[in-house]
Amino acid sequence: MTNENPQDTPLTIDGTTYHSRLLVGTGKYASWEQAREAIETSGAEMVTMAVRRTNLGQNPDEPSLLDIVSPEQYTLLPNTAGCYNARDAVRTCKLARELLDGHNLVKLEVLGDEKTLYPDVTETLKAAEQLIDDGFRVMVYTNDDPLIALRLERMGCVAVMPLGAPIGSGLGIQNRYNIRTIVENASVPVLVDAGVGTASDASVAMELGCDGVLMNTAIAEAREPVRMARAMGKAIEAGRDAYLAGRMPKKAYASASSPLDGTFFQ
Amino acid sequence: MKIELNGENTEVSDGASIQALVDQLELTGRRIAVEVNEEIVPRSEHDSHQLSPGDRVEVVHAIGGG
Amino acid sequence: MTNENPQDTPLTIDGTTYHSRLLVGTGKYASWEQAREAIETSGAEMVTMAVRRTNLGQNPDEPSLLDIVSPEQYTLLPNTAGCYNARDAVRTCKLARELLDGHNLVKLEVLGDEKTLYPDVTETLKAAEQLIDDGFRVMVYTNDDPLIALRLERMGCVAVMPLGAPIGSGLGIQNRYNIRTIVENASVPVLVDAGVGTASDASVAMELGCDGVLMNTAIAEAREPVRMARAMGKAIEAGRDAYLAGRMPKKAYASASSPLDGTFFQ
Amino acid sequence: MKIELNGENTEVSDGASIQALVDQLELTGRRIAVEVNEEIVPRSEHDSHQLSPGDRVEVVHAIGGG
Amino acid sequence: MTNENPQDTPLTIDGTTYHSRLLVGTGKYASWEQAREAIETSGAEMVTMAVRRTNLGQNPDEPSLLDIVSPEQYTLLPNTAGCYNARDAVRTCKLARELLDGHNLVKLEVLGDEKTLYPDVTETLKAAEQLIDDGFRVMVYTNDDPLIALRLERMGCVAVMPLGAPIGSGLGIQNRYNIRTIVENASVPVLVDAGVGTASDASVAMELGCDGVLMNTAIAEAREPVRMARAMGKAIEAGRDAYLAGRMPKKAYASASSPLDGTFFQ
Amino acid sequence: MTNENPQDTPLTIDGTTYHSRLLVGTGKYASWEQAREAIETSGAEMVTMAVRRTNLGQNPDEPSLLDIVSPEQYTLLPNTAGCYNARDAVRTCKLARELLDGHNLVKLEVLGDEKTLYPDVTETLKAAEQLIDDGFRVMVYTNDDPLIALRLERMGCVAVMPLGAPIGSGLGIQNRYNIRTIVENASVPVLVDAGVGTASDASVAMELGCDGVLMNTAIAEAREPVRMARAMGKAIEAGRDAYLAGRMPKKAYASASSPLDGTFFQ
Amino acid sequence: MKIELNGENTEVSDGASIQALVDQLELTGRRIAVEVNEEIVPRSEHDSHQLSPGDRVEVVHAIGGG
Amino acid sequence: MKIELNGENTEVSDGASIQALVDQLELTGRRIAVEVNEEIVPRSEHDSHQLSPGDRVEVVHAIGGG
């Protein structure tokens, strides 16, 4: 007995359930309007944001991110982008929590260098520990070392987010072996964060068994961001379904799709 | 008195509260967070918390980011 | 000014318009019911079929393909699978036309060897010429040589269908360079026929600019064919949208998604 | 008389029409195509077309294929 | 009992034995001197050449190719580069035979288009037949379709030379599956002709089981052609040895190289 | 003016110069004789060894590693394979130094997990610091995170040895981007340690700019280890030369190797 | 008389042999091949083969190629 | 007296030197290293270093490894 419309268990992060496995950033868009449309079209329910100094003396009527992406409609995920040590990252998270009325889910990233934007693993471990002690729920950006990912999970991070390739590079997943190993080991959600360049890259991440993908540049810097946002939403669903469906085995030789018996010619 | 606001020296009236500063900045009612000397001051204390000369004040808001 | 829901021009083959760019086969399924559900779930509007001798003396009430996949609901694409010379292929097409009340759109494949199921290019050219002379509208299975594809188009084939990898191998697109070159040269629809193994393979084909993909084994031999059918439907749409949206450029180095100015830390 | 039907020797009544053969095979009304000696016989001629001894007849139908 | 210095059977083409499995072209060099040094350093024993009109009125003392690459030292392989039909190719081969005092080994290439420099398969088949009838020994440039390669072998070509990627592209071997299949089917030498860009590309061709590789641009357009020539000579030997040695199986998981017993720590 | 035989500056590690850029392990061989022949044939000058308890009561005349691979002929590189914490690794290095009469060059590897044999980065950093303080010259096995590699270099390690893929997997270099970035950043030698499966993998590592490659399983578990050892020696030289020679640029389209002017046909 | 030599109209003395042409072109002793009206003329016949008015003569040599 | 040698309880004569132990193990002249209670004992001290009851002694050598 087959099933016309096989269901998937939704993604659950820190007790909250999400129907979309695509998480998107809010940076690099040409306009707030474009950002709003792209995010809405992507179907994402979680969006990342950054915390920066208020531009004093700016036109007070200019809309701010939270007017465009309302916390009522989306789960906002404050990030610590730009932080190069644990202290700045923790301080950023505390400001974000105050800004969002106590919302304590954060995306931790402690960078190590501007050329690669790779995480500083030791500072990341330090910051994660302090944040967890302070009651934060930490989704953590990390490299694709399976052991670091496991360690962050054991510390209490609610999701591990290995990079597929450097942030903003669009190179696609460089090391499928590592991503698969991280997934095999993990008991919290694994999301590929960074590196996706086009739809098939997102599908590949999901086919490796990831629980979701977080991206920003691939959508915002496409020639048509709104159309790419739609592409990414579908690519995530396609890759997830393909993973659950169990792909055919690869074969070294061909195999006919039409029966050979019953041919009327010799 | 002088305080340091988002990295800039700024003049505020002596003993001004954070709320007074926020109003002065025309940020009343905007989604912001305030830190004084690297300690968060919860919104609930903006009225009562008086600033002191030389306080380092940060007023931040949410922006787009990846 | 952005566009909430950017449209695509639909696929047009021989004057008929199709909303789905996925074409599916009807072979290798565990049951007619599974085939019916998978095909319906895939969203495909064109399905391939084969022509074989009627099993005489079989239970006359047993359903046949056309009861499951009705010519009213789908565009049936008779193939010449199993033919190793032009004569058998032409004969098969004529029987198919009679079977389908004059329907003259066919998928021509003349095979050259059982190990690779690669086309016999010279017999394929010969059969294409005879079929076109006889009024058939020919969608032709070919290797990925850009010059052969161009020649088949110039002979009057209504679509060229290069293989991505051997039929039934599931190896994915082996030579992206050739597929892209075929697309660049073509003024008729180019569909990847054969070689797709999972969703991302289908997206890659579309991202290369193909007009569609034809597959059978990747769906029928997945652990859950109906779910994989859904995955493929989405993957084709995702890949098409990504192609039209214009992917971000790949970068050798990282590029931050969050602004660096306005940081409150040094 | 003897004909070759789908590769098998088969007995049919002398001068039987294709339609008669189809009926005898209990294929009446099924979607099939018929070829006699490698020439298609259109459905419209199944009644009128009489078979001859030794005819090579193929009766085919659509099956699943990729 | 192991063998300090395992031998390989040398490459034999049309009854002649060669110790080097690298064949090189003589085009695109900055100077005759550079060409001479690169060819000598590469260790190649077969070199290709083209036939063109003598520049009348040129300085009669200017050296010509055959002064640099003497037929006494090298096996010269005249090519039909630039020919787009069988007639021109056959005519070129006859001129080459006269030029080389009856030497009848030629490299046949009949091109189909200037953008890809892919072979015109049908004209190639036609030319090969005429040349073989006329007593030529034909090494033939072809696409990577395994069936075309087999057909050319059966016609009597003494070596089949599938492209790895377009001539002069340096993209490396695009379709390893096809090259391996051609090798599995062949009973004459298979040489990858065109597409190699760097040393590892040449090794890959040999690891797939090819009998040799023919290249020109990868050496002539390297920043240091002589050094690259040396690299290619070694890469061919390395790849051949690796193929004969039988590589280790790939493993999904790690496997320690040092024993675990006898550790003095727990 | 070209150069018949362009030279390379030899590899220098901790002040010692090596002519071979291939380092080999001594584990997993079928016999001491096979190990001796493979190592000699590879041309390697540095070989790794492990330290384990003496098998008491064993036949005292049985040869030991140092009889086969003499410290007079080779630079022995004791490893800390099997150590899962800094303490065991440091203890192993001290025993090795005593064993080798004060020789203080060691290969540090502190493993984190038996499935991947990935390094435990934090224990590796700890052990490296202690060893350097104690006067050891440390060549360090690490993951391919460019920032960790840089940090180990800055601590004073004399060479950084990122993995190309898991130890013993033979999967080849998984993340070329990271290896290249490590090379770009480094001012000490970078050697790929682990992951090479066949000759072209070794060439790729060198073409990325690595200073050398360390391998064991790829040779010892080949069907013919001695032949594979020879292949690897050549592949390292080929890849190094190709890197220094500067490969031709990749081109999206073909480019003829024979001139087009002077053709006698139209 | 006029011949076409490598695509160019060229004047040679009436009834000149191929060898005479080769000498006139200062190609004596060079490795070349000669085709007259698309037929190879073997080196051994260069002395004896006389050219006729309007002959299409090709003189080719080996150059570098891939 | 009893010592622990490479993890095994072993009997050696009271006050035996490391060299005596090495000789007893027929390892004289072999390339080995000796650790007593996790401290290296240099070869130069093997004669002079007397073992005590309960010492944990490790005798190690080089083996093949990657």
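As written, the chains take the letters A, B, C, D, E, F, G and H, and residue 1 is the first residue of each chain.
Criterion: a contact is a pair of C-beta atoms (placed from the backbone, for glycine too) under 8 Å apart; a residue touches a chain by one contact, two chains touch by 3 or more.
Everything quoted here is computed from the prediction, not taken from an experiment.
Chains that count as touching both subunit C and subunit F, per the definition above, are A, E.
Looking at which of C-D and E-H shares more C-beta pairs in contact, the answer is the pair C-D.
Using the average of C-alpha coordinates as each chain's centre, D ends up farthest from subunit F. Computed centre separation for the pair subunit A/subunit F is 35 angstrom, with centres defined by C-alpha atoms. Taking each chain's centre as the average of its CA atoms, subunit F and subunit G sit 62 Å apart. If each chain is reduced to the centroid of its CA atoms, subunit G and subunit H end up 93 Å from each other.
One inter-chain figure worth recording: subunit A and subunit E are separated by 47 Å, centre to centre, where each centre is the mean of the chain's CA atoms. Shared interface positions of subunit C, i.e. residues touching 2 or more other chains, are given as 25, 27-28, 50, 52-53, 79, 81, 91, 95, 115-116, 118, 166-169, 171, 216-217, 220, 256-259, 262, 264. Within subunit H, the positions touching two or more other chains are listed as 6-7, 35, 58, 60, 63-66. Here, these are the chain pairs in contact: A-B, A-C, A-D, A-F, B-C, C-D, C-E, E-F, E-G, E-H, F-G, F-H.
Across the interface of their complex, subunit C is touched by residues 6-7, 35, 58, 60, 63-66 of subunit B.
Subunit D makes touch with subunit C in their complex at residues 5-8, 25-27, 30-35, 38, 40, 42-43, 58-66.
Across the complex, subunit B is touched by residues 25-29, 35, 48-54, 56, 60, 64-66, 76, 78-79, 81, 91, 94-96, 98-100, 167-168, 215-217 of subunit A.
The touching residues of subunit A, counted against subunit F in their complex, run 112-113, 115-116, 118-122, 125, 143-148, 150, 165-166, 169, 171, 174-178, 181.
On the side of subunit C, the complex with subunit B involves touching residues 256-259, 262, 264.
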